[in-house]
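Labels run A, B, C and D following the written order; every chain starts at residue 1.
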Amino acid sequence: MIPLSYYLVLSGILFTCGVLGFLIKRNIITIFMSIELMLNGVNLSFVAFAAQWHVLGGQVFVFFVMVVAAAEAAVGLAIIIAVYRTRETLNVDRIDLLKL
Amino acid sequence: MVHLILFSVFGLICIAGAVNLLVQSHPINSALSLIAVMASLAVEYMLLGAEFVAVIQVIIYAGAIMVLFVFVIMLLNAGQEERSKGSRVALLFGIPATVVGSAIGAWVLIEHSGTGNVAIGALPGPPNQIAELLFHDFLLPFEITSILILIAIMGAVVLAARPESVQHTKKEG
Amino acid sequence: MNLETFIIVSVIKIVIAIIVLLTAVAYTVWLERKVVGHIQNRWGPTRVGPFGLLQPLADGLKFIFKEDLTPPHVYKPLFIAAPMIALIFALTSISVIPIGNWVTIGSIHTPLEITDVNVGLLIVLGITSLGVYGVALAGWSSNSKYSLLGGLRASAQMVSYEVSLGLSLVGVLILTGSFNLRDIVLAQSGTFWGFIPRWNIFHGLQFVAFFVYLIAAYAETNRVPFDLPEAETELVAGYHTEYSAMKFAMFFMAEYANMITVACLASLLFLGGWNGWLFGPAWLKAILPVFWFGLRVFFFLFLYIWVRGTLPRFRYDQLMAFGWKFLLPLALANTVVTGLVVALRS
Amino acid sequence: MTANLHLWLIPILPLIGAAINGLLGKRFSRQLVVTVALLFSGAAFAMALWIAAQFSSLSVPYTEFLTPWIRAGNFQVDFSFYLDQLSLIMLLVVCGVGFVIHVYSVGYMWEEGGFYRFFSYLNLFLFFMLTLVLASNYLLMFVGWEGVGLASYLLIGFWFTKYSAASAGKKAFIVNRIGDFGFLIALFLMIKHFGSLDFGQVFKSVQPFSPETAGVGLLTTIGLLLLIGACGKSAQIPLYVWLPDAMEGPTPVSALIHAATMVTAGVYMISRSHAIFERAPMALTAVAIVGVLTALFAATIGICQTDIKKVLAYSTISQLGYMFLACGVAAFSAGIFHLMTHAFFKGLLFLAAGSVIHGLGGEQDMRNMGGLRKKIPWTFWTMTAATFAISGIPPFAGFFSKDEILWRAYQASWAYWLIGVFTAFLTSFYMFRLWFLTFFGEYRGDVGLPDEPGRAAHTSHGHGRHGIHESPKVMLVPLVILAILSVAGGWVGVSGSLGGSDRFDKFLGPVFRSTALKVGVQLLEPGVTAPPEQQTEGTEPKTGHATELMFTGISVASALAGLFLAWLLYLRRPQLPERIAHALNGFYEAVLNKYYVDEFYAALFVKPLIAVSTKVLWHGIDQGIIDAGVDSAADGAREVSDSVRHMQSGNIRSYAGWVALGAFAVIAYMVWTGVQ
């Protein structure tokens, strides 16, 4: 028996790490990964709350998050590839023009 | 007791992985540490009893999404990320802010999130019940997400497909 | 059963499992060399021990004593980690595979597997899906064209065929309504109309699923005719071009371990697991199921080798087209039809 | 209850015709267009006749509820039609004359461009006019009211390539708006105070009111406003100015809309709402005064006009003045009677004039006519009938109605009667002037001259090429029909004094008696008091037949005097008029220029209006406020974005930083509130 808040804190930390990664990383792919990290943190809190209140809905929601994450990954990575083809770089600081 | 031990062990692995993701300058390392995070998260789910979610987490996140990431990293042969002027600022302001923010958040959570305790396997999420939810209560969202996936697939194909001209040059070259 | 005994028992089981598995791996290699030899009208290993039975041992020694060289310009940490990852996941996946019913030794009542999980099947799938990383990272980290191409091919191929693999199992899952491998096996005990064993392969359309599963499994394990990641003629040795000595051995073992896992899974899911003819005294009754199970696994391994000795290799685009345009639709169709039948019957 | 009459069909039929011609007519052959137009208008006429045939067996007033239109709280307006003696007569007049004129226009417009357009508009007009007549509430009536305005606008401006025609159309439309404004206010007042616009309910709620002799009360206000509306539509002072210009339209239009039917809508409306007027003596007086003044005024102008259609236009105005006078002295049935007869002979006059113009290839100036008696005999004879009718010479139709009106007017006040008689004299004078100038003497015009711009409309005619000719049958038949009507049309209402029995009056009796006063009204002129029933329609005045006959004699005499004077001036001594004109020079000038009313209006209303809208609305409000506001908004936006746009560096991480900052702020706030 451990307090729910531990799980929440863990998920919070993961989420913050994700945010931080988004802020300080310069490689698009890494930034993208930090987004996934945030999602994971959120998922954890979902499951934890589901466990506390005995509502399976929380777990179901995790599936939806995963599905969305998968879709996002597919499209996002495709975009990254396309960007890399035109820009020859993955550094977001270099990719600040909509049009070359 | 066991619960606390397992929780803290894998929780620490999680945090370590997350931090590693930040400090590593090479995307592939970040990817691997993220995989570690996900795997240990799966264990945390197991602890909460959500075994199905845990396995799906491993299969989808670790087994599919991250494979995509690694694959792309390999494809683009992404190297070390180089410093640039913006980064210093982000480091200077971002890290303290987030640390403080998370600290406050943690404190608030611990102090004010009531006295909810969860035991090992608090809520077993057997697949059939989850299926029940997915295909009855959440049917519409389910279908919508399926359409979303379809669109995502097409979008990915369109985006990643090489432009015609490039292909021609390829053929000639 | 209290925590300590549980831990002890688990450790014992793990040790046993690993030993058994590694031996099996070693002798699968031996078997392969023998069989392929005979298929190609030669003798295979004969020198070391009777019928070259000690050959695997010799090989092992050779690998150990070989110089373990890491080429320059490789990305070291991953170069070292990759084979371990591959082997670890290959070995882990065996942990939820039951080889027999529950047994009671003294006061300990335990299943004949490392742990009995409700979602065992999914766990196996998940871990095998993680196996990709070993290959991919190896290919990428060893910083060489052949390896990179091999790695890319391997990961692409594995990701693609995982889908068909997973979908091919859905039919079985629908029929038995459980992810628990033990339940699945138990559901296959008995017979249809008294003489056909009640195996899933004979159950409705599942022979289609079996066919799909088999092919997808071959692709998953990078075996002929899908062994493009290590296609000698084009990529030297694919992702483990740069590897030597024990690291190479790890990949090798990982591959065969995967073969065995897949074979176990196939026999559990489609050929009725350890169900079989029980006779004789109690101890024999206790042993027989394991024997029947081993027999099925052996059959599958033999099939692997046989195929390898017979078939040529696919071209890469053919491989992809086959996977996405033929296997996947087939698996989907099987899923839909089975689901419909079950739904209509209930 | 009586059988369903399907009244709604009567308006709808012409609408269908209009729709067919308007939408598809472009592709139709002229014959087909004609067939459609005549078919539908004729069908409406047929239905009207059918209804008239079984009218006696009906329980009137007969209302036909079609479908609810507006429901707001307990205020409700329906699409429902209303039939009683009054609307029956209007129905017959409109359909009959309308149909006849349809036939006539076939011949008249045959060579014109936009043939289908013309007939589509004509049918449209019929639709609206019938709606107006059959409406069972003021709002539906107003729909018809506006609709006929629209139709008249379209038809006046039928030759829209001609500037004068287009502007005349606009003028008519705008002037009508002024009247409609009054009408609308009246409707609002009714809604406010009676909570309904349905005739029946309004009159019922009017019942308890006692006549507002002292001061201007609600009913008086409503009455006056309605009067304004009527003035607009029926071209009464001060809003008559549009009618003469309206003569720019094709002649059949002038006949149908601006003589026979539409312009009488005002009269119809006033007599429809007689219940209100009866209780608002001042409003009635106003009506009477407007009417009588208009009559005199227009008549005087009519004398000096040289354009044949203009003469007729002014005579129309003055005749309408007569009708208003009748309404004003509460002799509604007399007004309606005159309305009917007037529809016949004025329609005929216009058609005949049209026939003349047609024959002369677009010539409209009487000074270029003359001696056409022999050349176009049919036209001549029908015109003669009409002229005698309008001049009020017995036994033609006009005589009876006008005599009735004058008699009633006298009972109200001798002043009305005096002006009325003088106007009658003027009327007969200018009518015979027209008659003599057109048909007698020798021909003064030169046929074959290239048409002048003024008649550009008829250039397509090409009649100027070959000489004066009688119009085709299709035009003559309507002339004859109307001639017969304008000869005999008056006999339905021979007044008792002439040995008749006021059938018309009695027929209309129920309508006007139904809501009549229980108590007698003080007479409009102080001093003279009359027994109650004298005001109510249908009862014979106490003053004996002898006096009435005497007055009749006087009016006839005045008419004959007019005839004689006209003969003297324009046939016997054609040079005399010039001398007279010289004699009273200024006055003549004034009259010739219609008393400069148009110029006066232009100076008083139009120019200031234009000036104000230019200075205030355009330069002031539109440019100064609206445009300025928009511009300054744009400038402000530019200013702000200039300062803010540096945030948009395109650097994703800076964006992310801002987002994170905002999220952090929000979370901090929520946490803080949560902790409190």
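Simple rule for what comes next: contacts are C-beta pairs under 8 Å (C-beta built on N, C-alpha and C of every residue); 3 or more make two chains touch, one makes a residue touch a chain.
Just so it is clear, the structure is predicted and the values come from calculations on it, not from any experiment.
K.L.:
Taking all protein C-alpha atoms shown, work out their mean, then name the chain whose own C-alpha mean is nearest to it.
P.N.:
Answer for the innermost chain: A.
K.L.:
So which one's got more C-beta contacts, B-C or B-D?
P.N.:
Between B-D and B-C, contacts are more numerous in B-C.
K.L.:
When the centre of a chain is set as the mean of its C-alpha atoms, what distance in Å lies between subunit B and subunit C?
P.N.:
So the centroids are 28 Å from each other.
K.L.:
Mind checking the centre-to-centre distance between subunit B and subunit D? Centres are C-alpha means, answer in whole Å.
P.N.:
Centre-to-centre distance between subunit B and subunit D: 83 Å.
K.L.:
How many angstrom lie between the CA centroids of subunit A and subunit B, rounded to a whole number?
P.N.:
That pair's centroid distance is 5 Å.
K.L.:
Taking each chain's centre as its mean C-alpha position, how far apart are subunit A and subunit D in Å?
P.N.:
78
K.L.:
Please output the residue numbers of subunit B that touch at least 2 other chains, ranges allowed.
P.N.:
52, 56, 64, 68, 73, 75, 86, 90, 94, 98, 101, 105
K.L.:
Counting only residues that touch at least two other chains, what does the list for subunit D look like?
P.N.:
If we look for residues of subunit D contacting two or more partner chains, we find 651, 653, 657, 660.
K.L.:
So which stretches of subunit A touch two or more other chains?
P.N.:
19, 23-24, 26, 93
K.L.:
So which chains actually touch one another? I want all the pairs, not just one.
P.N.:
Inter-chain contacts occur between A-B, A-D, B-C, B-D.
K.L.:
Name, in rising order, each residue of subunit B that touches subunit C in their complex.
P.N.:
Against subunit C, subunit B makes touches at 2, 28-29, 32, 35, 51-52, 55-56, 58-59, 62-64, 67-68, 70-71, 73-75, 126-128.
K.L.:
Provide the residue numbers of subunit D that touch subunit A in the complex, in ascending order.
P.N.:
649-653, 656-657, 660
K.L.:
How about subunit D: which of its residues touch subunit B in the complex?
P.N.:
651, 653-654, 657, 660, 664, 667-668, 671, 674-675
K.L.:
Going by the contact rule set out above, which residues of subunit B touch subunit A in the complex?
P.N.:
Of all residues in subunit B, those touching subunit A are 3-4, 7, 11, 14-15, 18-19, 21-22, 27, 30-31, 34, 37-38, 41, 44-45, 48-50, 52-53, 56-57, 60-61, 64-65, 68-69, 72-73, 75-76, 78, 81-87, 90-91, 94-95, 98-99, 101-102, 105-106, 109-110, 113-119, 122-123, 125, 129-130, 133-134, 137-138, 141, 145, 148-149, 151-153, 155-160, 162, 166.
K.L.:
Can you name the residues of subunit B that touch subunit D in the complex?
P.N.:
86, 90, 93-94, 97-98, 101, 104-105, 108, 112
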